[in-house]
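Chain naming follows the written order as A, B, C, D and E, and within any one chain the residues start at number 1.
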């Protein structure tokens, strides 16, 4: 299916379009953060901490007197990067694992499958916590942890699809032509996995943003004073009664972004591959 | 007219897609008499299956919908009937069997359960009675040891067996009309022969009229009394079976017959119909076969030919056929 | 289908309306209650008083067990199981007269044998006693008679009596220890005002009144302790009426809660001091001028008001006001200019780079604190990078010996259970207390301070001690091995009509005297 | 069937062994000396060493592993050095709560998820479909601790309808259940929708319609049972996740479950409890998977005879 | 038969049925169970049989898309199954395959030019503009135009897609082409176009075909010789005309009689076979066809008949013939 056809499908789904608009908006915000942010996201002014929204500070100041809007704008970079990097890690490891497992089958498959089973049987949140604790508490390591946790998802998805693709006739044809196994995987299997991978990755970015917030809640997220949304929400939650703007705006930002990604992911799933399930 | 079972007048079933509306069935009229077997032939996409689904009211909506015409069954217009009334006719007075016996049975239920459903819903039979009738039906379609087979799951049966089960299911309520949509296409030749034999025996023993939809002219030649040929959503020719094989009027029918390799004759080279079936979203002007027709004339492009009588029991939709050009016997 | 949606919309609108008009909290009618629900931050680990080291556990054991002496609500040492005591002139022998007629909840009689058993258990290296430092100056325990016991110390030790008030030095039934063995921590038998009724790990600990209690019987029959990790949740529980007392209220809530007609907020000093330790072996921080500069750079008052919202007190001495013998030596004022000048003098006019290590969720507003400090240091040209660590890794990290230490500037807090200066100055500033064994994490060493602090511990004459400690406080402040920050205030909130709850500065609650007002 | 289950159990041994080794090594990889942490800030070096010896941390890793496996073989998960309680007791105290919460939220998610999924699939792209999708997605798009906090503020503090946190009556279950159910609910409803949609396009559904069955019978009898097969997988996977993965919800609602135990233990470097809990959850996971497969066989005759 | 291009003897392919943790084999699907045949240069051999008879597996094993269990296949005297990876690459240039399903056999993400270029790329045939020119020629050869090069498979009809697949197979200039049900997925009017194309190509390039099909009419039209397979074995081979006029095996007879003839007046005597093809997992001892055979003899259950030449290169595996001719 070409991208034009996908777009045509997507256009019909109003919710997916909404998702696309949201995601595009936040990508733009992330790209142009320095131009858009009215203030330095790190400039403190404890004396004026917690000020409510005003003309100067449209979303108010946070608990250290920093401009909430500017932090959210810069945070878009960070949070979207978190999503992207986790996808790169999860897919980077999970896709080859799944492809090899599904394509070669037999003992290789058995070994990889057991490894995946072990990862799945291991509580994911604990795995993330242990990884972050081991590598050190900061955002980079949180990304690694979330990425690693998502490996089984990719591996399973890719394995399932590869099993189907492996026996499909154009792969047989490629073999008959004399293309090597690696060549077949790279040229025929992976490109045809793209649709489910794009869908999965869109949803994975959403998941990663939420996981980063969850890790922050446990004190294992982004390093202060990084304006990562999850960290802002988590550290601002003390103010939910006294200065609700400090926590509500990051919360809403996360919710809208994640919602956008989810809507887009769902829409893409419908458009790209209606038979795909998870 | 006493024997008239079904009359279809100017049936139009259109599908709405993201690229536009395409007329899958575009003004089709034909009739079927009691106990008669009529073959509906054509290539994929010509609208023969949609015609069949329209008869049953099974056109998936969305995207499809009957937008015009009438289907008179025993004098009653099915198109105008409320959905629930229509449902009561399905599987009861009109039944249908499908091309894919492997997927047409629900894999999670026993054959018996699926066989008994029409009896329980249309006839209101109790379970034991329905079961007895279901066993009988299985016996009727030549399934050995039906008492045992009735508790099997579909995957335990071979393709031929499943198609027999499908036929048994269609016949449980003794319908007047059986619509068979490519009933043998997915089967092996030897199994196909068995099923065709079964269909013939049904016609003789039960007197059920059969609308046999197929692309295989050999199957039609063997089974049907009358043949209707469809092309691009329209009927192009209709004739008694002997006539259509002996002297096809429409250039399409002629081309079709000439292009199939035959077991009873040897040629060095097959003749072909050049080109491809037109895109239903953009049918050509005039006669829809005109771009592929070896004899297309100016009139063919300018105007669509009507389906007109062309001899006893024969109709043809071709400007040239009338002028006697087509029938080169 | 449409009807369904309409219903949904109506329901949502109704909910929104209700929440808008709801307003105040919904107090359940205060019928005559005889129970209290306390929400603490973390779970009780173990109830063997000798093994504990955590505040939540100590709060509970203090209600099940008695110590020989204790603190009253004015933080004075008063009799508990010991009715009176005397120390020999050299300060090495302490004789206690014990209270008579005290029984453990398993029927065991409390007497001198029991004291001897307990002290010996505390000293037994086979028993895991985490706060053995609070008792290990005892050399020997002698039973003088049924209700008289004598403790002989290894050396004169002024804070000895204060140390006996530590919850870790409580009296446990010897019979129960024999009976339960390793499981004693889950089957505590004491002489205190309450005894354990039910303990569901991770969920709740229910204490019920000890009807045989030797002292004034508590008015409240049942006390329930619940571990509620999230600050906001604890707060909500109080507001919703699911908890009667909550600890560790976020400072930012103080003002708002104070206005709540149903709630009483107690904000009081605690003995937890917060400071940034400087590793004096660091290439920059080894220079006292740099250390002083850092002290000048940080606006402690702003931190206290802006970040702690008043729930703290900037310190003006290494020792806290509540502790003996505090001497006001004067804090470094907030003076960035001076800080810059000092840095220039030290040879760093353009500042330098530094890493700040810190835990999260351990101390009041710890993360924001270091963020603020990072900001202040930036203003004087010091580019500090923050490194968060979770507590276990952090503690291991800061407790490395000098040759392995990677620390530079890091956040710590100290909150002794005993209000004697020795408990603070000695472990934190004496050069013999370097990690991994001790708590002088910055490797601060000043021979004069060492001598003064040793003297302060061994002298029993109060005046001499005060002088020694006073001098030490001045020297330490001048040497600036820390960025001196503040002492935390503890905020405890409870129902308005709950009276008699004592909040001790050692982060302890005493509920035996609590009662519901009508 | 018995043979099949036995085989599956046998097959799970390498997985469990892998989990054991993994958790054993991983907890030891995390920086932070358990002895230091447990001894506390005021402990002396000797006390720290004593605790280290008590935990066998002074021995080489293979010996530690051997000791652990030796105890495990006897069915002994060890004792927590932090609370001195047997690990089995620590798990036992939380298991009930975890299971109850898992079941209520899964029940809620399944009932509502399947219902909305089916309705959405029957009328795809309808207003209901869009709304249901949007609402369920909004649920999953909120960080769970924030959602939980809002629930508490609204339903407990403002409206006074429900207790804020902790355990006790069934009312205590409501908020954590709803909070925890959001993610599986969205998954199940979307899954149901796509499965039912797919099944509705199958040939056998056309057959059922051709038989003249009423539409509700077509959906309820012919479509649902087929659609249930993949839905069960999702539900099963969620079961495993919810049992040990409800860390955030348990924290917000002070719910004493296994997730919190696990996280508290890892943060306190309580090796035996972490090891025991992870192993226990892995065993549950394996059992749940077997249960799902057994259900599969029950539902799908094709699997049964293969 | 002098100029043999491919000679297959005793070819077997068993698929193990595994279960349990370690994948213990408890049985085999004997998909191909001792198949022997030979193809002469420039000839078209038809392999016919019903689904599951092993005709496609035979092709895939000879192409080494799957590894054989036993047997020998000599291509121009060289044993295909003994080839190492390097020789195998060379082999790919000599033998190619056209698949049944024109929708599944083309990678939907590639353009037509990419698809046809892939074999050239893999084997390093031509480059740059030369390669483009070659692709253009190939497309023209199969009846497509330059304009089609940049398009994706989904923009084509079934017949056109099959032409693309043929161009791909032809690109390496093979000697032997396996045609695995190449027209059975096509509409009648398109079938004849493709069949004609095959004939043209054979004439032009001197290709040898192995034409696998279940449609006997097409096979009859295009093949010089036909091998009939039943349950993993060849039961009869003969020149086309011979087979259609004098089918000897009861199965062949039934197969031929079952074909519907598009002539309502054709007097057809139909031999109806009872039952279905048995499960290839547990085959009866003796002749595989005995369960459906009209003429079953006691010997049929005892011994498996060997494929023997009964004259004129007409080979047969049936006890009946031997009994009657003796």
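Operating definition for what follows: a contact is a pair of C-beta atoms (placed from the backbone, for glycine too) under 8 Å apart; a residue touches a chain by one contact, two chains touch by 3 or more.
No experiment lies behind these values; they were computed from the predicted model shown.
Listed by label, the chains that touch chain B and also chain C are A, D.
The interface with the greater count of contacting C-beta pairs, when C-D is set against B-E, is C-D. In this assembly, the C-alpha centroid of chain D lies 52 Å from the C-alpha centroid of chain E. Each chain gets a centre from the mean of its Cα atoms; for chain A and chain E, those two points are 49 Å apart.
Multi-chain contact residues of chain D, defined as those touching 2 or more other chains: 30-32, 145, 149, 153, 251, 267. Counting partner chains per residue, chain C shows two or more touched chains at residues 232, 390, 392-393. Residue positions of chain E with contacts to 2 or more other chains are absent. The touching residues of chain C, when paired with chain A in their complex, are 231-232, 235, 250, 252-253, 255-256, 299, 302-303, 306-307, 360-361, 367-368, 370-372, 374-375, 386-390, 392-393.
Residues 14-16, 18-19, 22-23, 26-27, 29-32, 125, 130, 133-134, 137-138, 140-146, 149, 153, 187, 190-191, 194-195, 197-198, 230, 234, 240-241, 244-245, 247-248, 251, 259, 262-263, 266-267, 274, 278, 281-282, 285-286 of chain D are the ones that touch chain A when the two sit in their complex.
The touching residues of chain A, when paired with chain C in their complex, are 44, 46-47, 49, 63-65, 133, 136-138, 219-220, 223-225, 235, 237-243.
Across the complex, chain B meets chain A through its residues 18. The residues of chain B lying in touch with chain E in their complex are 43-44, 158-161, 188-194, 196-197, 215-222, 241-242, 245, 255-257, 259-264, 266-267, 269-274, 276-277.
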